[in-house]
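Which chain is which? They are A, B, C and D, in the order written, and residues in each are numbered from 1.
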C-alpha cells in the first residue's frame, strides 16, 4: 500500500444527545480517493458520525480533520464536503440545472464556468435532457442522480452519502450503486458512505467500518470483514454466519491447527491467529459447508437432520439440526439450487477446517 | 358514473354554497348597481354616473383612499416582517416554544374594539405610558399620542392584531421545509443569509403572499381601529363610506356605493400588487 | 468546548424567552390589568388629573353597568344570536363540507375558492349593502337581518373546519362497517362521528365566538335597536365614551370568548392551527 | 339576480304577513286623558329611541314605570341611526319606534306632519304650556321640547386659572399661541365642537344670515376667512373624537379648555364620572344653545303609552329633577329654573344654532377646508 495523504481523519470523536451516547471515541482515517462505508444497524451512530463530519452536529470531544485541516468550529457551509441525502433534499423550487448549480453559485464561480460545469456533470450522470425540469417532475432514480450531481459539481474534498439508495427499488439500487462506484473511481473523489445494507457495503467500499452503539466494532477491507469478523455482532451483521461456542481441546500454534468441541461434535480449525481464550466463539459461513454427495472428505464430517429446506432458485438454504448433542441449535448451510435433498432427510456435511474462524470473543 | 357523482356533490354543496353566492352577489350587485344610479332611494332608477363624478372629484375621498391604501400596505408589510423571523425562530420546538407561540396567538382572542380601547387607554394623556415616561424622567410633561396624525397608532393596532395571523400562516410553511433541504444547502456552502434568500423565502413565498393579501384586505377595510384610534383629520375608506351614506340623506346610498366599489377595487388590486411585488422581490433575491 | 456553546445557546434561549415575556407583558398583560383597574374605579370618586392612581376602588361600577346599561340585553342578544347562527351555519355547512371533504367532482377547487368569498369582501361593504337590500325588500326584523348576515359571513369557517374533519374519516373504517352489515346510522356513529366530533364542536364554538365578536353587520344592520356586546362597546368608546364603563364591557366581551376559544383549540389540537382561525 | 331577490322577498314576506295583521286601535284624539292612560296601561310598554345618556335615563324612567306600570325600553342606537330607522320604517304599518328624541332643528329637514303622529299639543294635558319652537324651528305642536342645553367652553381649574381664559376671538388666538394644543374640540360624534366652529365662523363672517337654512356654494364660499383663521391656528387646537372624548381628556388634564355641552359636563359631574372642579363659561362672541324634542312616529305601535310617557317626561316635576341631575335648562315653565354650571352673567351670550342644512354644511366645510386640506 502506498502512503496516501489522509483526506479525512477522525480522532476520538464523542457526541451525546442528552443522556444518549451517540458516538464514543470513534477514530479512523480515510485516504485520498478512497470510498469508506459506515455500516451498522439503525441507531448505531453512523448517520450521526456523517453529520458530525459534515458539521451539522458539533462534537462533544475529539477532532475531525479534512485534508489536514482541523474542522473544530468550522460551520458546514465552510467545510469542503458535500452530502447526498437519503431524502435527496432537492430544492423543489429550483430546476435540475439550478439545483446542480447551487453549490457553484455559493462558491462565487463565474456564471459561464457554472454553465459548463453543470452541463458536464449532468452529462456524466445522464441528466442532460432533464436539466430544465423541476425535481417534482422526475422519477426517484433521476432525483437520486440530481442529488449526486449536485454534490459532485462542487468537487468536494469529501463526498458524504447518507444511505443514498434506500429509497430506490432493488434493481435500480444495484445499477446506481455500480454507477456511483464507477464515478468515484473515475473522478477519484474521497467518499464516506453510510448504509445499513451489508451487501452494498461489501460491494462498493475500499474500507468498511462496522459500527454499533456509537462505537466502531471492526474496520477493514470488505474481504477481511467478511472472512475474519472479530465478534459475533460483525459476523452476524455482515452476511449470514453460523456462530457457535467452542472449547479448545488441543492446539498447535505452529501449524495453526486446533482441535475443538462444538455443538455437533469434535472439529478441527485451521487458524493463522491463536484463539484468545479456551472457551470462545467461532463461526463459519453457510456457503462454506459441503454436502458429502459432492465431496469425500473425512475431516470435520458431521451428520445432520434437515429440518427445513428453502428453495431460492440458483441456491438452496438448508436448516440443519445436529444428529447428536444439542438439539436446540440450528445451523444453516447453502447449496446449489438443484441439490436433491428433502426435509427430514439425514445428510452428512463437511465443514473445511479453514472455513471455521475463531472470533475474538470469549464465551462469558 | 362520474357525472352522477358530480351531480350528487353539487346537490350536497347547495345548502352551504347557495347562501354564500346569493348573498355575496346580491350585496356586491347592490353596491355596483347603486353606484350607477339603480336602487335609488331618492329618485328614479336610471343609469347615471353622477355619483361617480361626485365622489371622484372629492379631495376627501382621495385622501381617504390613499390613507387606507397606505395603512393597509404598511400594516401588511410590518406584520409579515415581524411574524417571519418569529416563525423562523419557532421552526423547531425547544423548551418554552409552546409558551411563546401561545403568547403570540393571544391577540387573536382579543376583539379589535377591545384592543383599540386598551391601546388608547395605554397611550392616553393620563395613561400608563405617559405616567411611566414622566415618572422615569424621560419627558417633562405627558406626550399627546392619541389619534396621532400619521396613524402610527392604527398601524400598531393592525400589526398587533394581525401579526398572529401572519405568524400562523407562515409558520406552517416554514415548518414544512425539511431539515435535510436546509442541511443540503448548508453543505453546499450556503450561509444563513444565502439559505434565507435562496431556499426559505422562495419556498415560503405562497404563504408570505397569503398573509400579505389577508392583512391588506382586513386593514384596507378597517373601520373600528380608525374610528377609535385613528387620526381625526382623515377617514379610512370604510369610515368614509359609512359617513357618506349617513351624511348625505337619500343620495348617500349611491355615493357610498361608489366608495364601496372603490374599496373593493383597492382590496383586490392593492393586495394583488403587494403580492406581486413580493414575488418579484423574492425572485430577485433568489439570484 | 461544546459545554460552553450549549450553555451559551441556553442563555440565548432564556434571554429570548425573557424578551418575549416582556413584550407579552407590555402588549397584553399590562393593558388588561389597566382595564381591570379602570373598571374598578368607584363611580363616586373620579380618577382625574393629577391623581396617578384611582382614589377609591370598588365593584360598584360593575353593578351599575349591569343594572343601568343595556348590557344584559346586549349579552342576551349576542348569545342568543350566536347560538342561532352557529346552529344555522352548521346545518347549512355540513352537507357542503361532506361533499368537499369526501367526494371528487369537477370544479372542486373553484368551489373551494368560492366558499371563501365572504372573507375577502370588506365587512362594512357587506353590512351597508346588505342593509340596503333589506330596505329594498322591506325586511324590518333586525334580528333576522343580522342572523342572515352572520350566518352567511361565517359559513366559510364552518365549511372549512368541517371539510377537514370529513376528509379525516378513514374510508377503510366506513368500508369495514358496511362490510359487517351496519346500517347507515351505525356507519355514521362508528366511522364518522368519532372523527368529525371534535371538528364539529370546534366549528360550533368558533362560529359562536366569531358571531359574538362580529361588529360591522351587527352595527349597521342591527342599528339602532338590536344591540350586541361589540356595538355597545363601540358606543362606549365613541359617542358615550366613559372609560371605566368601556373597561368593564371590554372584559365582559373578551373573557368568555377566551375560555371558549381555549376549549375549541383543545378540540382541534391535532389539527393545523391555521384551521382554527380559519383565516389561513 | 332578480330571481334571487324575488326568492328572498318571498322568504321574508311570509313571516311579515303574519305579524302585520293586527287591527288599528281607536284614535286617541277621541279619548279623554283618563281613557288614554287606561289605553296606555293596556299597551304596557313604550320603546323610546334616544341617543345619549341611555343608561342614566334607564334609571330615571323607573319612576315612570313605577307610577304607570308601563315598561320603557331605551335602545342604545345613535341619533342618526334612530332617524334612519324611522325613515326606513315609514311605509310599515306598525314600526318599532314609539317615541323618538330629535335634535331641536331636526324637524326642519323633513315634514313632521307626514312622519310624526299628532300634533301632540292638543292631546297632552299640559300641551299648551310646552315649547315647540326651538333652535329656530317651529314644529307646529308635533314634538315638545324636553331638554334645553347650552354649549360653551369648559376648563380645568387644575390646569388654568380663570383670568387666563379667552373670551374674544383675539384672546383665543393669543391663548392658542401661548398654549399650543391646550384647546380641544370634536368635529364628529356630537355638537359641542361644531358649536365652537359655528361660533367662530359667525364671529368672523358677519354678512350671512345664519337663520336661513338654505345652502349654496356661494354662501359657503363666503366662509373662507373663518377657515383661514382656523388654518392659521392649526397648531393651537386638537381635534378630539367626540363630545365625551373632549371631556375625558379635559378631566385627564390633557387640555386646559374644550368646547362642551353644559348638560353633559353637569351630568357627568353629578354622576361622579369627572372632577367636580371643571367649570364652564360662554365666550363673549356667543355660543349656540338649543334643545331636543320628542315626538311619536306616525306608525308607532304604542301611541297612548308614548303620549303618557311624553307627558311625564315634560312635566314640571321631571324637568326639575332633570335640571338637578343633568344640569339641563328645564322646558316646563313651572319647573325650577336651571341650576346650571354657566355663570348667569354669561347666559346673554347664548345664540341660536344656525339653521339647517346650512348649519351642517358649516361643519362639513370645516372638515374639507381645514382638517383634510
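Keep this in mind: a residue touches a chain if its C-beta (ideal position, glycine included) is under 8 Å from a C-beta of that chain, and two chains touch if they have at least 3 such contacts.
In UniProt terms, the chains line up like this: A = ABC transporter ATP-binding protein; B, C = ABC transporter permease; D = Extracellular solute-binding protein.
Remember, it's a predicted structure, so these values are computed and weren't measured experimentally.
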| task | Could you tell me the least number of steps, going only between chains that touch, from chain C (ABC transporter permease) to chain D? | result | 1
| remark: Sorting chain pairs by contact number gives first B-C
| Hey, which chain ends up farthest from chain C (ABC transporter permease), C-alpha centres compared? | A
| How many angstrom between the C-alpha centroids of chain D and chain B (ABC transporter permease)? | 37
| task | Just give me the whole-number Å value for how far the CA centre of chain B (ABC transporter permease) lies from that of chain C (ABC transporter permease). | result | 18
| said: What's the distance between the Cα centroids of chain A and chain C (ABC transporter permease), rounded to whole Å? | reply: 58
| remark: Whole-Å distance, C-alpha centre of chain A to that of chain D, is 92
| Contacts with 2+ other chains: residues of chain D | 5, 8, 84, 241, 252-254
| field | Touching two or more other chains - residues of chain C (ABC transporter permease) | value | 49, 133, 135-136, 238, 243
| query | Which residues does chain B (ABC transporter permease) have that touch at least 2 chains other than itself? | reply | 26, 126, 227-228
| field | chain C (ABC transporter permease) residues touching chain B (ABC transporter permease) - in the complex, by the definition given at the top | value | 13, 16-17, 20-21, 24, 27-28, 30-32, 34-35, 38, 49, 52, 91-100, 103-106, 108, 111, 114-115, 117-118, 120-126, 128-130, 132-133, 135-136, 148-149, 151-153, 155-156, 159, 213, 215-216, 220, 230, 233-234, 237-238, 243, 246-247, 250, 253-254, 257-258, 261, 272-274, 277, 279-280
| Footprint of chain D on chain C (ABC transporter permease) - complex, ascending | 42-46, 48-50, 65, 68-70, 74, 133, 135-141, 144, 223-227, 231-232, 235, 238-245
| Can you list the chain D residues touching chain B (ABC transporter permease) in their complex? | 1, 4-5, 8, 80, 84, 181, 186-188, 238-241, 249, 252-254, 360, 364, 367-368, 371-373
| task | Quick one: which bits of chain B (ABC transporter permease) touch chain C (ABC transporter permease) in the complex? Just the residue numbers, please. | result | 2, 5-6, 8-10, 12-17, 19-21, 23-24, 26-28, 30-31, 34, 39, 41, 89, 94-96, 99-100, 103, 105-114, 116-122, 126-128, 131, 135, 160, 164-165, 168-169, 171-172, 210, 214, 217, 220-221, 223-224, 227-228, 238, 241-242, 245, 253, 256-257, 260, 263-264, 267-268
| field | chain D contact footprint on chain B (ABC transporter permease) (complex, rising order) | value | 22, 25-26, 29, 59-60, 63, 124-126, 142, 144, 146-147, 227-228, 232-234, 243, 246-247
